[in-house]
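Some structures to go through are shown next.
In the two complexes that follow, chain A is the common piece, with chain B as its partner first and chain C second.
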Partner chain A sequence: MIFFDNASTTKARKEALDVFNNFNENYFYNPSAIYKNGQEVSKLINKARADIINCLGGGRFDNFIFTSGATEANNMVLKGLLKNKNSKILVSIVEHPSVYNVAVDLKNQGYNVELVKVKSDGRIDEEDFLSKIDENTALISIMHVNNETGAINDIKRLVSLAKSKNKNVIFHCDGVQAFGKVKVNVSALGVDLYTISSHKINGLKGIGGLYVKTGINIKPLIIGGGQEKTLRSGTENTAGIYSFATTCKLAVSEQEEKFAKTTSLKDKMIKGLEKINNVKINLPQNENVSPYILSISVLNGKAETILNMLEDKGIIVGNGSACSSKHKDNRILSSMGIKMSEIEGSLRVSFSSNNTEEDVDYFITEFENVVNEYLKSTNRRN
Partner chain B sequence: MEKAILIRIGEIFLKGKNRDYFYKVLVKNIKNKLHKYNLEIESSNNRIMITSFNIDDEMYIIEDLKKIFGIHSISPCVKVDSNRESIEEYINTLKINTSTFRVTVNRADKRFEINSTEYSKLLGGIILKNNHKVNVDLHSPETEISVDIRNNGTFIFDEKIPCSNGMPVGTSGNGLLLLSGGIDSPVAGYQMAKRGMCLSALHFHSYPYTSVQAREKVIELAKIVSDYTGNIRLYIVSFKKVQEAIHEYCNEEYMITIMRRIMMRIAEIICKQNGLQTIITGESLGQVASQTIESMTVVNKVVENLPVLRPLVAMDKEEIVTIAKKINTFNTSILPYEDCCTVFLPNNPIIKPKLEKVLIEESKLDIDKLVSEALETLEILDTNSI
Partner chain C sequence: MIFFDNASTTKARKEALDVFNNFNENYFYNPSAIYKNGQEVSKLINKARADIINCLGGGRFDNFIFTSGATEANNMVLKGLLKNKNSKILVSIVEHPSVYNVAVDLKNQGYNVELVKVKSDGRIDEEDFLSKIDENTALISIMHVNNETGAINDIKRLVSLAKSKNKNVIFHCDGVQAFGKVKVNVSALGVDLYTISSHKINGLKGIGGLYVKTGINIKPLIIGGGQEKTLRSGTENTAGIYSFATTCKLAVSEQEEKFAKTTSLKDKMIKGLEKINNVKINLPQNENVSPYILSISVLNGKAETILNMLEDKGIIVGNGSACSSKHKDNRILSSMGIKMSEIEGSLRVSFSSNNTEEDVDYFITEFENVVNEYLKSTNRRN
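Presenting the complex of A and B:
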């Protein structure tokens, strides 16, 4: 099976699994326990924390909170920083559901939430962004790399624009599709909060976390035994944390090499796709798009059917559009101004460094067959 | 003192000479449904009683009994020995939480020393003595304590839980339900099973035009309905080639009519091969374009020897949804996976198809070949083995 749905999850790497197993075997103790074994585990968790902070570009020892994953971290940001209903929250219209749906929920509860538009290249519309920031804006959440289009936002610039308009604004960035894939340095970006996840970078599922700049006071979502300096109670996913740190270190050290490899795979893919009739690349491909994600559309196609047909050929991709006739729309693509006839046939091809040139060749051949077969059986001939 | 559950049977009483047969099927259905528990089922003298169960299972057993057609109501009760000392000892412990009550004694064992009226009064007196704020109301009491004195024990209860009524599944033949992933067809199956019909089901999928999830959803729906009906044998047939052929050769206005006529042909063959006596659909008159009387007439024409039953034909969507929610199929039915491919759906389906025109369109197809090819894709699943 050729896997081109790496933006949804990735295969865990052997090192991550080995560390996890070894940790569970030898360090199963509760890090909150006062006996030596427990304290040793506590130290190892803090070592993992320090390693991850290093991977993010450095910071203080307590600048990172482990969570069950990015969804929890994003929820924590949006719910844990609210002060009063007058203060404004700004999120982009293309955020991942773990930000977007929380924002919608807060809006329904009476909070002042505004959505920032994007341009046809999938990146933040700076004019709209600036016009929506005022003295009441308390929190901004803008993703680094979009999970469906791969569009990379210039976070450093957005942070500085935002802070020049309101120096007190807190800037959160969901970096799930960026960290380990493109260069990330939280200090250089200037963000106050940054979300990352393990399973998107060949680590294990069930572990992720939030970078929190010193001085940002966030309230916990989960209250209990006071773990993670009271910010995230619950016995730590100790082996997951340690494995996550290993994954992060490897991902960051291999980032440039893998970026280059993925870029060449994606370029090859695009060249092949450009030769297929009725297939469209959904946004201009340049340095502002992640090499890990490619959004395409089959004109007059239905994503679900094409996805099924590809699966029968041994190829897995993601669908851009939901399958139901009731939920045909795609929030991200339609906000970029893409037509419904293209959205319905939109697919997400997402790469990992495990993919090979042969995978791409096979994909191109089979994809062309599938598109032709699809259009042949669905176009009327009488 | 032990716990028991008294089962009252519904319409079976009306069935005259066939009564025994209906009763036996009901007892068998109860045994099948409750086989996972350690308990005893006593059935004698028109009464079915569940005894000797683990008290922790009681609420689950009650929930299961509520799903068996043919049961009118049930009462969880306490069983004591049929002597005054035991009965009065238990009555003495009763606390009444409402402001009015009555005691109703049924003395099936006529050897019992006091008659029913006298004993009701006596037991009521005991309750009044222990519960100072309650009054007797013989006509519309908020609590009715029933004391059923029998030779094998006395059963005391104060609650009557309404059940599904209907007729025991298996007493009214068997039918093939056309099961889509929508709201209506599971309800149609439920309604027929309620009249005692044993169900099989037929689902048409159009993979890759429909998803694997849509198929899984239908299996899930069959499983939920089978909670009321017992095992459902599910026949799954690929409709892909049929749809492609209709799309290619026929006037698109007639797509749905022709599709339904071919589905009926396939359903009839499966019925004949498996001894099923009728085809059941979830159609409701006027709900969508394919559910007009003209359309039903044209579709029925292909089924030569079997009745096509449409138990929802005169029901509003709202009524159907109410039942779907009650039987727990609603939330699965509304999952957003297409049960029928939208790729080929015409923009303007014909609302009142004419048979002559349908026949002209169908003459462009090799229907026998399409039907036999579709049947080659047949898969069979049983809900009790999923």
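Presenting the complex of A and C:
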């Protein structure tokens, strides 16, 4: 199968599995135990933490909390920084469900939650953003790279705008589709919290974490034995954590090279798609879009049917966000002003550096066949 | 090293790792994706779920939610069944921190939380238990096997007593130290919810789950893409889940044989310990104690020093609950009426079926030497 759904999940790389297996063999002890073998594991976990903070460009005293993944980390942020129901939470309308749905839940509980609009390029509408920040705004959560469109927000600028209007505001950024793919430096961005995930960058599933700048007091979501300085209890997924650090180091060291390769693959695909009738690219492709994600629509198409026809040709693509594809909504594309008739035929093509130019050539040929076949058959029916 | 701290964590068995590696190689797709490869993974996850429900003796329509571990599952229960601050939550004073500390946190938030006492054998004081159940009692959480003492509660009887006093009460049982070690059948026990963990039974860390009887409406702790029928969002730790099911099936199929082997190891150890001066076994050893856990005290000893001296001899034991050993408290043993002078020298010896009779012989010899050496050196100082 040619896999173009890498924004949904990726295959774990060999190094990630090797480290995992080795750790389970040699360091299975509980890091909370006071004996030497346990303490050695505890030190290795802290080495992994330091390595990841380093990958993120965080400072020496900054913190990083290991969680079971990005969804848990995002839940922790939205629920763990609440003070009272009057303080305002601001999230964008295109956030991942692990931010958006928590925000909606909080709103239903009576919290003061507001949604920031995006423009037709999928990026934050700065005017709307600024107008919604006031002295009551306690927390802002804006994603770095959108998971359906690839739109990259200028987080550095948004943090600066937000803090100049209210210096006490806490800024969280969901960096799941950014980290390891585009350049990320949390210190330069100025964010207070930043979420990352392992399985989106060819690491294992079930592990992720949250960067927390020194001085940000977040409450735990999961309470118990007091692991992670009481911020995340539960016996640590030690082998997963150590494997995650290896994955992060590799992803960051290869980031520029892979960015260039993916950019070239995506450019090639766009050139091919532009020649196919009834196919539309859903947002302007420029330096403000990740090379890893391409949102397209088959005009008057039904995404699910086309996706199945492509799978029969040995090609896998996604339809919108895989994380919520069973519960399909049109929140993200519709918030960009895209028509329903185009949304219904929308597909997400997402790359990894494992994809090749031949994959793209094959995709273009087969995709054109599928689109023509599909439209012919629906025309016959009409 | 001879490892007698198996209640803290265990080394993952080969089968658990093999399944994990194979799954990552062949089934890395996102189970939320609508294409066939994704749906195949979704079916495998549901097969793992059915296998685990079967291992637990749950009914056909019963549910099981995969979580990142038992601590998350216990947090989910205590926070996810709350209705209002008047409804009462009852937990025992000897619960694991992932229940106890959540209960304390809820009490601090103004919820009506009461603690049930235990008797000197570490088991629930039934008189106290019954006296604290009334029409406002909404949730009871009582562990199956205590993690520090091995005391086994008669969960079936406690459920029956509780429901005969208030038929609407929801009964949760933390089965982390029971499942795969003693006989567990959730239907026969009559519990509404039951927590289990992978890494305590030679499975991988970072995976566990919660049995939820049909009809029990629990709220999610982690919200997002709607995985696990919206009860636990986040991309599933698919390989971890499938490996967990394998671990459970093996543990249950081997349970009786390993129970017998561990019983014989523990009996041998008790006989050896009874001959050592200044060593006390902290609770009566009978059919109401798990063969996997033995709580002992060195009279006038300091546990940490003795534990380190043992480690120098190549023996690892625990001091109380490893899950909270960095934050040592005396809650469990002191609630059983054990004197502080004995608590300070308390050690937890916990077995696995990987331990041998030779391990026990070596332990007895070296432990006697260590105790004598320790007491001689402290007497010299005094």
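Operating definition for what follows: the second predicted complex is superposed on the first by the 368 of 382 C-alpha atoms of A that agree within 3 Å, B and C clash if a C-alpha of one lies under 4 Å from a C-alpha of the other, contacts with A are read in each partner's own complex, and residues count from 1 in each chain.
The rule is simple: contacts are C-beta pairs under 8 Å (C-beta built on N, C-alpha and C of every residue); 3 or more make two chains touch, one makes a residue touch a chain.
Since the structure is predicted, the reported quantities are computational estimates derived from the model, not experimental observations.
Undergrad: Just chain B (first), just chain C (second), both, or neither: which does A:S160 touch?
TA: So A:S160 meets neither chain B nor chain C here.
Undergrad: Is A:Q285 touching the first partner chain B, the second partner chain C, both, or neither of them?
TA: After superposing on A, A:Q285 lies clear of both chain B and chain C.
Undergrad: Would you check which partner chain A:G69 touches, where first means chain B only, second means chain C only, and both and neither mean what they say?
TA: After superposition on chain A, A:G69 lies in contact with chain C alone.
Undergrad: So in the superposed three-chain picture, is A:T378 touching just chain B, just chain C, both, or none of them (first/second/both/neither)?
TA: In the superposed model, A:T378 contacts chain B only, not chain C.
Undergrad: Touching A:N54, do we find chain B (first), chain C (second), both, or neither?
TA: A:N54 sits against neither chain B nor chain C.
Undergrad: Going by the contact rule set out at the top, does A:M309 touch chain B (first), chain C (second), both, or neither?
TA: It touches chain B, and chain C stays clear.
Undergrad: Count the residues of chain A touched by chain B and by chain C, then name the partner with the higher count.
TA: C
Undergrad: With the two complexes superposed on chain A, say which partner A:N37 touches: chain B (first), chain C (second), both, or neither.
TA: Only chain C is touched by A:N37; chain B is not.
Undergrad: Which positions of chain A sit in both the chain B and the chain C interface?
TA: Touching chain B in the first complex and chain C in the second, residues 304, 308, 311, 322-327 of chain A appear in both lists.
Undergrad: In the complex of these two chains, what residues of chain A are touching chain B?
TA: 302, 304-305, 308-309, 311-312, 322-327, 377-378, 380-382
Undergrad: Would you tell me which residues of chain B are touching chain A in their complex?
TA: 207-213, 244, 247-249, 252, 336-338, 341-344
Undergrad: Can you list the residues on chain C that touch chain A in the complex?
TA: Residue list for chain C touching chain A: 1, 5, 8-12, 17, 20-21, 24, 28-30, 32-38, 67-72, 74-75, 96-98, 101-102, 105, 199, 204-207, 221-226, 233-240, 304, 307-308, 311, 316, 318-319, 321-327.
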